[in-house]
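Data block below; observations after.
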Amino acid sequence: MNKVLQRAEDAVALVPDGATIMIGGFGLCGIPENLIDALRIRGTKDLTIISNNAGVDDFGIGRLLRARQLKKMIASYVGENKEFERQVITGEIDVELIPQGTLAERIRAGGAGIGGFFTPTGFGTVVAEGKETRVIDGKSFVFEQPLRADFAFVKAWRGDRKGNLIYRRTARNFNPVMATAAKVTIAEVEELVEPGRLDPDAIVTPGIFVRHILQGPSYEKRIEKRTVRL
Amino acid sequence: MNKVLQRAEDAVALVPDGATIMIGGFGLCGIPENLIDALRIRGTKDLTIISNNAGVDDFGIGRLLRARQLKKMIASYVGENKEFERQVITGEIDVELIPQGTLAERIRAGGAGIGGFFTPTGFGTVVAEGKETRVIDGKSFVFEQPLRADFAFVKAWRGDRKGNLIYRRTARNFNPVMATAAKVTIAEVEELVEPGRLDPDAIVTPGIFVRHILQGPSYEKRIEKRTVRL
Amino acid sequence: MRDKRGRIVQRVARELKDGDYVNLGIGMPTLVANHVPADIDITLHSENGLLGVGPFPTDAEIDPDLINAGKETVTEVPGSCYFSSADSFAMVRGGHIDLTVLGALQVDEEGNLANWMIPGKKVKGMGGAMDLVAGARRVIIAMEHGTKEGGAKILKRCTLPLTGPRVVDLIVTELAVIEVTDKGLVLKEIAEDTTIEDVKKHTDATLIVPDHVGRF
Amino acid sequence: MRDKRGRIVQRVARELKDGDYVNLGIGMPTLVANHVPADIDITLHSENGLLGVGPFPTDAEIDPDLINAGKETVTEVPGSCYFSSADSFAMVRGGHIDLTVLGALQVDEEGNLANWMIPGKKVKGMGGAMDLVAGARRVIIAMEHGTKEGGAKILKRCTLPLTGPRVVDLIVTELAVIEVTDKGLVLKEIAEDTTIEDVKKHTDATLIVPDHVGRF
């Protein structure tokens, strides 16, 4: 069983038009840069993307938006992208906004075989409209459904040939949970190592969740808001 | 804010008669030996214990059973303990058996603020009796409620003064999830270190979940089934 | 009058208690971190997956893999740890965050909060705000007392879409500290250079004025 | 006749596919690990929190922190990893385990399984069995064809409390390999030293016998 792919092009060749893809990352931090770019080059169309944000105009998911490859975006916050705004206004793209914690928990439920769950988040707001609500122990909850995808594109720091992954700092974010909730999870890593090289107590994503893994040739790791102290 | 306690006695002094305590471990692996023994010496009574197993007759939770300190046991498997069996038959102790994955998920829900969830586990069995069931996408699910406790006693390998914990091998088991679901979580560790000494990417239990931490003076780590190859 | 924002965040900082785990919202709330009293130790949570947020980095320390929920580069303090978004919001939703400080567009007499959208303007999304107000043990609103146009933000009833119902515990503005109670909004303190009448004038909601109103 | 258990586990091992993630139940199913074909690579899951279970340790290798779900000391293979019980059963429930091999007290024509309790005898608990049958993609039962007393275990309808309804995919005994289908139980193979009639005699359930029945 060989999980290793040589190039991001080989990975995105598996993705048909119209697919639903979860893409890890928070802002531009911890995004699968190489897979996103390969998808843009391949030109796969009518995609539904599930990701916390929509990138910026010229980086990350923003590049797929600019190439008009998206049909729908499911996210929690999309404020940093003018092209996205334009496409929403013209109706070229559908958008579904979900509270960040509910987005994470729905994906977790999808990966963990949970049929649905009650969360306090969004009760009494537009988020709860049309949804079942329930009072449990005096507190009000909203029923939320699991979320799954055809593919998950995740970015990790280091991974091994069996698909085990570890992450670095806040580049972890949505990557581990998305890795669990897709039919086919493809991981790109900065360094691909032999099994046994990663501390088995420190592995965050067990290889069982990862179908394909590749080492990205390079990482730009663009910074969205460079804030420094003197 | 000092989370460090010097002795297990100081920790169990916080626990009143009648308390509900989650105790980490799987079989005898990864159990908080020192806290259990301190609880036995203190003689705290009428306890409800939530733990995957009930120990063996002369080690772990079995010692609390022998001292008749338990009112109720919530577990998934209790087969290794004759004194437990005797107390169940005589009605001295109540027992509630929960599928292991449902036990883990109910505790996770308790710690994660989930009001309840639908699981496929136990549908069509005695486990589902009296519970709400629901068909979701053609599959049958049972509604399960969150589980919380007054205290959680957990055992980790290494911990720091801020309560961050890492675990070793399969001694992890129920410890991390229980740490999230109690009003007061008390962790015992084999080695207590200064903050910054543990790799922040490898910490499994963030310190936010741990109210008190102590270094156990010694660990017997009894083996339940010593199986070897030649 | 002192700088409004400085006054607000300094007053909010006095609400911090030793050992608190605190989530500071984007914008003005982030500044509270600069005013933590020297004798207490708090831990800052960033919902993108970090407990133990440190100050902004120097140029040499900048790390693209280390940002806060506002997407700004930050540092970590010793004893910090990282976790996934799912684990982060399990922490939030499960009531483990002692305190969150957020900005607001409107707050009302019931403690309802609106801070995520204005109908007709572009919709950016709620991010983690709805989770934070539903999950944190205590929600403090740090905001200027009125709108830029001179209108009121503390209302009888919010008119904008809610972030959460009955979620606010305390409102801190440059003019007043107001506690949300079952009976309504109680005026706890007023700024040293204002009067109760002045605060009332800038507040649409009914304020309950106790015998003793403090100064800050 | 060869050793019954040896025959059963060898036949079960032929169901393994390269790349499979497999959970082996306590007792006879554990022995399947000794018969994995040399040309395939599988990963063993232990529900107490380990992917990559290795063989039993030597005396020198014994580690009390490293056990399987049967509480036996084990080893890890290179590339293994550890996780909590909550994460382990998320993996199981979420359909990530390709195959589980379990023992049984009774199986019936609908694929219902009973393997956790006998009323009137002491109740030990279901452990992880109900989760495994509800979550694993494929459930294979490895058991002796009849009870020690000579009674049938493959029934028209289970009489003992169920572990799960309609969960079994394949039954492997020392006499037969039986597939559970929507139409009922299909006899796929019989042991080389038995007959279809003999298998039927030891089976209470109705067996569908196709034109071709293999041998093993």
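As written, the chain order gives the labels A, B, C and D, with residue 1 at the start of each chain.
Keep this in mind: contacts are C-beta pairs under 8 Å (C-beta built on N, C-alpha and C of every residue); 3 or more make two chains touch, one makes a residue touch a chain.
As the structure is a computational prediction, the values presented were derived from the model and not from experiment.
Chemist: Counting only C-alpha atoms to place each centre, which chain is farthest from chain D?
Modeler: The chain farthest from chain D, judged by C-alpha centres, is C.
Chemist: Of the pairs A-C and B-C, which shows more C-beta pairs in contact?
Modeler: Result of the comparison of A-C and B-C: A-C.
Chemist: Could you please state the distance in Å, as a whole number, between where the Cα atoms of chain B are centred and where those of chain D are centred?
Modeler: Each chain reduced to its C-alpha mean, chain B and chain D end up 28 Å apart.
Chemist: Cα centroid separation between chain C and chain D, in whole Å?
Modeler: That gives a centre separation of 55 Å.
Chemist: For chain B and chain C, what's the span in angstrom between their mean Cα positions?
Modeler: The separation of the two C-alpha centroids amounts to 36 Å.
Chemist: Which chain C residues sit where two or more other chains touch them?
Modeler: 76, 82-83, 90, 92-93, 135
Chemist: Which residues belonging to chain B are in contact with no fewer than two other chains?
Modeler: 105, 108, 112-114, 119-120, 157, 167-169, 172, 200-201
Chemist: For this assembly, give the contact graph shape among line, ring, star, complete and other.
Modeler: Topology of the interface graph: other, matching no listed pattern.
Chemist: Throw together a list of every chain pair that touches.
Modeler: A-B, A-C, A-D, B-C, B-D
Chemist: Would you pull the chain D residues touching chain B in the complex into a rising list?
Modeler: Residue list for chain D touching chain B: 46-50, 55-59, 62-74, 76, 82-86, 88-90, 92-93, 112, 122-131, 134-135, 161-166.
Chemist: Which bits of chain D are touching chain A when the two form their complex?
Modeler: Those in contact with chain A are residues 18-19, 21, 41, 43, 45, 51-52, 76, 78-83, 90-97, 134-135.
Chemist: Which residues of chain A touch chain C in the complex?
Modeler: It is residues 26-30, 52, 75-80, 85, 88, 95, 97, 99-105, 107-108, 119-127, 157, 167-177, 204, 221-230 of chain A that touch chain C.
Chemist: For the complex, which residues does chain B have touching chain A?
Modeler: Counting only chain B, the residues touching chain A are 105, 109, 112-120, 134, 136-137, 139, 141, 145, 157, 166-169, 172, 199-202.
Chemist: Residues of chain B touching chain C in their complex?
Modeler: 1, 108, 110-114, 160-162, 164, 180-181, 194-196, 198, 200-201, 203, 206-209
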